[in-house]
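The first chain written gets the first letter, and so on, giving A, B and C; residue counts start at 1 in each chain.
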Amino acid sequence: MIDAAVVLLDWFGVAVFAVTGSLAASRKRMDIVGFVLLGTATGIGGGTIRDAVLGATPVFWVNSPGYLLACVVMSVAVFFLAHVPQSREALLLRFDAVGLALFTVLGADKALAIGAGPIPAVAMGLVTATFGGIVRDVLSGEIPAILSREIYATAALAGAMAFVLLNGTVVPRETAIVAGFVLTLAIRFGALRWSWSLPRYGQSSDL
Amino acid sequence: MIDAAVVLLDWFGVAVFAVTGSLAASRKRMDIVGFVLLGTATGIGGGTIRDAVLGATPVFWVNSPGYLLACVVMSVAVFFLAHVPQSREALLLRFDAVGLALFTVLGADKALAIGAGPIPAVAMGLVTATFGGIVRDVLSGEIPAILSREIYATAALAGAMAFVLLNGTVVPRETAIVAGFVLTLAIRFGALRWSWSLPRYGQSSDL
Amino acid sequence: MIDAAVVLLDWFGVAVFAVTGSLAASRKRMDIVGFVLLGTATGIGGGTIRDAVLGATPVFWVNSPGYLLACVVMSVAVFFLAHVPQSREALLLRFDAVGLALFTVLGADKALAIGAGPIPAVAMGLVTATFGGIVRDVLSGEIPAILSREIYATAALAGAMAFVLLNGTVVPRETAIVAGFVLTLAIRFGALRWSWSLPRYGQSSDL
């Protein structure tokens, strides 16, 4: 049952990331093909690098074309309806947090499944969750938000560590998945709600 | 015989893309090693990501070093003779269109050959045709032209879809290759000749 | 014994590249997680692309988590002590040259080990040595230094060619490794000491 929920949320995560990618396309006033390319690259980028690094090739979407279709549909929808997500930015950031939390746990879980140790598994969770957004920002000509923004990668890092630690103990895998997912989500929601951030390098010396 | 023509055109496509990469290097006034790096990354970038994603590793140029040599030769030639392609920009754009059309069909064909379904095959055609240019632009510090320029990825998308649709029916593979190639080329040539473009997001509201 | 030295130097190279990555993070005033992400991407980026292209997956750090740990430790150390490497820039550039020289030879050696020919092996040496720095610069929103800076990739190119040429003859592999390493290092050190550079495209016409 958890696996069914995970699959459902995985689709949700891909779709939400495709929306954030095509919203970046709307800010650059691209045409509809640009929306589809940027939306799709954002939606499937994290899982693609995960699979390429792990050697789980062909990567996931080659044999599950539905993911591509979902990205295309969402990107086209945003092209015609971008004013809707734009006026719902707070909601979208929360959806994005769900995608982040899910990709974190799924990335780490897939790494463990192919025999990676705990540290690489945490790294794969982080990469899976953040690489799509990095690709989106680089293709849009911006410094990746993940590197300069409020608590984002930090949430994924904490959630991936929680999942991997719990999964290595007597807790069943399902519980570890839920725990890692909830922790990532809670930290990211808290960061959005209370504008949490970590101190920047050289910050105190600016005063 | 079509396979011989395809191999010939494949070399042609790699060489043309290497020229566009080293012309970007000339605009940034790089040294000769910069020309070779940027020319080669542009020439083989698309096929490299295609093979990595499909798991067809080592990627194609590891066992066919001639592709690397062709990129190096073209890049060095551009370093000493860049005024020639610069003064032939119209011709070069048409050569580039041939590379685009060919990589589109070859990328989709290779995906089908390893058992991918039609939708991922279209995606692979698009990725193979456009990724080299994306790498060129990102390494040059520019927003990828593909995302903001006139009809380019659109031509590859249409050609890849035509190839995959036809290839799945009673038409022999050779005919489908020719059809996808010709359609991509025709759309791209038309876009160059008549400055076709798709409407941009928010364009009408600018008026 | 050479293999033990190579392993030791490999760790050294990863650690030094992680320092250059986290120094880039300090220039952008990132938080500690940004330091870790950028430091790690720079430290393991070259080897990751090498392994993905060669099909040597899972890539090296999935089964050797110590590399990740080394990157994290160095990045965290730089966050708290960045004034130390900053005031030692000359020293750091020399350490970076050691990493460059080593990754050049190791990348080419690994390519030969999986059966690649001499030209792709030289290319893999170059890619392994430079890709981490390219990732660092792209993620920091800068044009890759390798494409516009003084003799850097050129040193790696020369060293990789020397290694591959010597390795294909009667010279034992160990000697070829040392020769390629020393040549890369000597050229890079000379470039740092005497500000060597290659002529840029269009440079003479500027006069």
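One rule holds for everything that comes next: a residue touches a chain if its C-beta (ideal position, glycine included) is under 8 Å from a C-beta of that chain, and two chains touch if they have at least 3 such contacts.
This is a predicted model, so every value here is computed, not measured.
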Copies subunit B and subunit C - rotation angle from C-alpha fit, nearest 5 degrees: 120
Same-site or different-site touching of subunit A by its copy subunit C, using the half cut: different
Length of the line joining the C-alpha centres of subunit A and subunit C, rounded to whole Å: 29
In subunit C, residues with contacts to at least two other chains: 52, 55, 57, 138
Subunit B-facing residues of subunit A, complex: 25-26, 28-35, 37-38, 40, 48, 52, 55, 57-59, 61-63, 65, 68-69, 79, 82, 138-141
Contact footprint of subunit C on subunit A as seen in their complex: 52-55, 57, 111, 114, 116-120, 123-124, 126, 130, 134, 138, 142-144, 146-148, 153-154, 157, 197-203
